[in-house]
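Structures for review follow.
Two complexes are shown next, each including chain A; its partner changes from chain B in the first to chain C in the second.
On to the complex of A and B.
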């Protein structure tokens, strides 16, 4: 017979292992949210619906068009990249992106979220909850005392790989450097000859791509409906915990949210899972108002 | 080289420039003087395309540039050294310099220019790996000039290079401005320190309330009674 402490030890290991898997998805979503916030000065409230649309595009290609996984996934990523970039190019660029008109950007992204939801609801895709085919089997892998499916391990590995590629791109390429420059000081970026609109357009595309990737990775674990974009709330939670403008913060925030959710589910109650992320946000903000990785609060001089 | 013809600009309903004309011939150092708020920085920002003009035209080597985007202007060979420490604070000094060459693709030329600008400002090499935000005010000013040079400009727009610096540093920076000019760079410098600017330039313009109030060879302006009274402290 197992003692209490043995059960707790098992729960702890299982909670962390499962938490890292879902947390890596939240981390991807948080990166997608943060890169837009840093360069556009407004949160993208359509992030959830872009995520949802990505999952449905992949589902359409896989199930209805019977296209192989290796083709369907890159095509989905390309479609969301182009779609998000065009949304910036056609809608946001016309509004004009500057802090003074941030509210217009927010309204535009809210509009986009309703449009995408409406499309999925009214084309028959969203009529019934659907399930997304998994590539990897449900065989289990034991890590310590924790048990994960091969699917879980693959999701975690792919999410980490995507983040690693993103960080190399963002930190060590000319385009990545231009993106960081626009986030840090758009005026100086314009003066060294960086095309602000083109850079922001690419950021939106990249953000859409990361959201769609997160959607494809997590879709087999959740039920697909037109409202599945609600998952992205946890990406926002991860971003807030990390400081909202820090990319390392976004990753750590995502993993923390994932782990806390799972630990709360095991130790407290599965009903408490939904409130766990918000308790984490409140705790972090109470102790460090700027988030875990946010810099000191700076008030811009005009 | 640069020819500004009757340009006007405004911020909302507030007029900032009205019918300003200015010429910067190739190889010259031209000074643009005036009090705070006279429109000096606005003039530079019209050339750099951060501010739109409402009338007139701006020509660079005979070509109109007042409808181009800011990055196209840099590509043509006009770089601005802005005032107000517009650095990339959380990038290293090295990255700040490399990003100055963003519009260029010639790897070897960029590497050579990195050496060249560090020759003008040896202190930057010592700070290569440091975040630019940790530099002192004087070092940041040097970084800004070096960053602009990394674009290989033919026309350099300098905004208040002496602002907030010690007299010794100001002297150093103006010596380098002279040297750059002797090496063939055309320079348009905006200054509040009229004495300094008139000493280094060959021709000068004085802005008052968004209009050119005086212009002439710098040596003559330095002798003009009204200019002396208003800008050189009598």
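On to the complex of A and C.
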């Protein structure tokens, strides 16, 4: 029988280890949200449903079409990339010529979220919680006193790898730097010859791809339903904690939210798990309104 | 065919006793004028509703099919007091708005005599105010609907499958008697459903003098590490889960990963599709010491359930040929429809909404379907408060001895 301190020590280790795994997924989702916000100036409220649709596309390819994992995953990522890019090209670009752009963009993304959820529900696949086939086994790995599965370790490693690839892409490639330029100052970016619409379209595509990647990684752990996109709320929470315009902030915010969820559940109450991220948001906003990694507060409109 | 008849007889005799008496009764109704809508010399109109579309369709479609086949069978036998039952079917989508809209349409536009429907508690409870204001007898389909059952009202009757308050108490009773458990882990939801079943679980734990370690979780939880780790640290003799199917699968998976070896009992709240549950957990090893609660009178493929399964297959051959059909919740619809037909029969040849509601308030009968009697009382509007338990190893279900009945009663 373990003493109280041993139990608390175990809780701490397990809370941090499991929190890092789920937090890495929130971080991916936060990046998907932040890159759109930086360049479109409006949050993408369809991010959760793109995440959900990505998981169902992969499930359809893997289970119902019996396509191998190595093909199904890239095809899913490609489909979500193209779909999200086309959504920008066909819908948002048109909205961009109308007044009150940000509000209209928000409404358009909300509309997309309802459409995607409706489509999945009407296929019949979304009626019952479904499992997503995991590539890695459920064998357990002991890290200190914490127990993770090989699937957990793989999710964390792959999420970190994806973030590293994006870091390199945004900092060391011409397209990535063009995307950052559009996010920082679109007018100046246009003046130096960057095609704003093409870049934004690529960013939407990348955001969709990231959401689908997060979905494929986390789906074996959380089970799939048409409502699984609710997870993206935690991606928003991570983005807000990180600063909403900061990519490193999104990553740190995601990991903080994941760990806080678990530690609050273990040390306070399991009832408090769902409210914990929002308490963190309130605390961060009260102490540092621009988020942990956000720049100085700028008033754009009076 | 001969075998089917042999099995069909006991159930039919038990279930049909009152209704067939009405059908065969020599007095034919027909006084010409009636004080309530929905009733004529030859017909009586019943509003039947359930989620027939949307994500909760699986909870209601088959119970509604079952209720409909019971009503059709009663009609084939001559109806009740010579009146054929006329059904008006609506889709409530399992949402409060849609269910209330369906109920209003049925009462005001279709002018039904009484209501029979609802598979989702929160949605069914939302109709409470309207139903009571219009004094329409309302028998829920398979919603437990505790929120509208306690405190009792004059017109609303539910818990025909089982009330949530009965679910928790019975589960505790089972684990104490079956496993001699002294320390019980208990994971429920932090919503009204969870609060209802916890109330009786605590009542029964106190009665047995055993301890309960409770972890309440949100139904949308994605990471169950914290609740499962806390349960493991509490080192209970047995773990009771009263969650929905998705969190139940996550907990079973995590319990297995964290090496929890004790028995796990899943209540009827999460057993809609056991095949899918196994698939979602991912390994049958997690079911090595696993039990499920059920509220019917036998294992789903047991002899006492045969008559109703045969009846379903005969009535809906196309549906029965589909995978996972009939669904585990299907029989509940028959018990609910039986409640309606028994009340109509006992109300006599000239029923009023008031007389039917009065009969329902003290109605008791053996359904031949459910684990216990369908029984209402002065302070009790929940019809069924018993259950059985089955050991499930991921493939087969083995009936455990005994029927467990809730001893909790509502104190006004």
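Please note the rule applied: the second predicted complex is superposed on the first by the 294 of 302 C-alpha atoms of A that agree within 3 Å, B and C clash if a C-alpha of one lies under 4 Å from a C-alpha of the other, contacts with A are read in each partner's own complex, and residues count from 1 in each chain.
Assume contacts are C-beta pairs under 8 Å (C-beta built on N, C-alpha and C of every residue); 3 or more make two chains touch, one makes a residue touch a chain.
Remember, predicted model here, so these are calculated numbers, not experimental data.
Undergrad: Quick check for you: in the superposed arrangement, does A:283 touch first (chain B), second (chain C), both or neither?
TA: A:283 sits against neither chain B nor chain C.
Undergrad: Touching A:129 in the superposition: chain B (first), chain C (second), both, neither?
TA: The second partner, chain C, only.
Undergrad: Between chain B and chain C, whom does A:14 touch in the aligned arrangement: first, second, both, or neither?
TA: It touches chain C, and chain B stays clear.
Undergrad: In the overlaid three-chain picture, which partner chain does A:143 touch, first (chain B) or second (chain C), both, or neither?
TA: neither
Undergrad: Using the touch definition from the top, say if A:180 reaches chain B (first), chain C (second), both or neither.
TA: first
Undergrad: Can A:188 be said to touch chain B (first), chain C (second), both, or neither?
TA: first
Undergrad: Answer with first, second, both or neither: which of chain B and chain C does A:222 touch in the superposed model?
TA: second
Undergrad: Could you let me know whether more residues of chain A are touched by chain B or by chain C?
TA: Counting residues of chain A touched by each partner, the higher count goes to C.
Undergrad: Can you tell me which positions in chain C touch chain A when the two form their complex?
TA: The touching residues are 54-55, 57-58, 190, 215-218, 220-223, 225-227, 229-230, 233, 235, 245-246, 249-250, 253, 256-259, 272-273, 276, 279-283.
Undergrad: Which of the residues in chain A end up touching chain B in this complex?
TA: Spelled out, the residues of chain A in touch with chain B are 174, 177-178, 180-181, 184-185, 187-188, 190-196.
Undergrad: Given the complex with chain C, which residues does chain A contribute to the contact?
TA: 1-2, 7, 10-11, 14-15, 18, 22, 121, 126-131, 134, 138, 140, 147, 149, 218, 220-223, 225-227, 230-231, 258, 261-262, 264-266, 269-271, 273-274
Undergrad: Which residues of chain B touch chain A in the complex?
TA: Interface residues on the chain B side: 48, 50, 69-71, 73-75, 79-80, 82, 86-91, 95, 98-100, 102-103, 147-148, 151.
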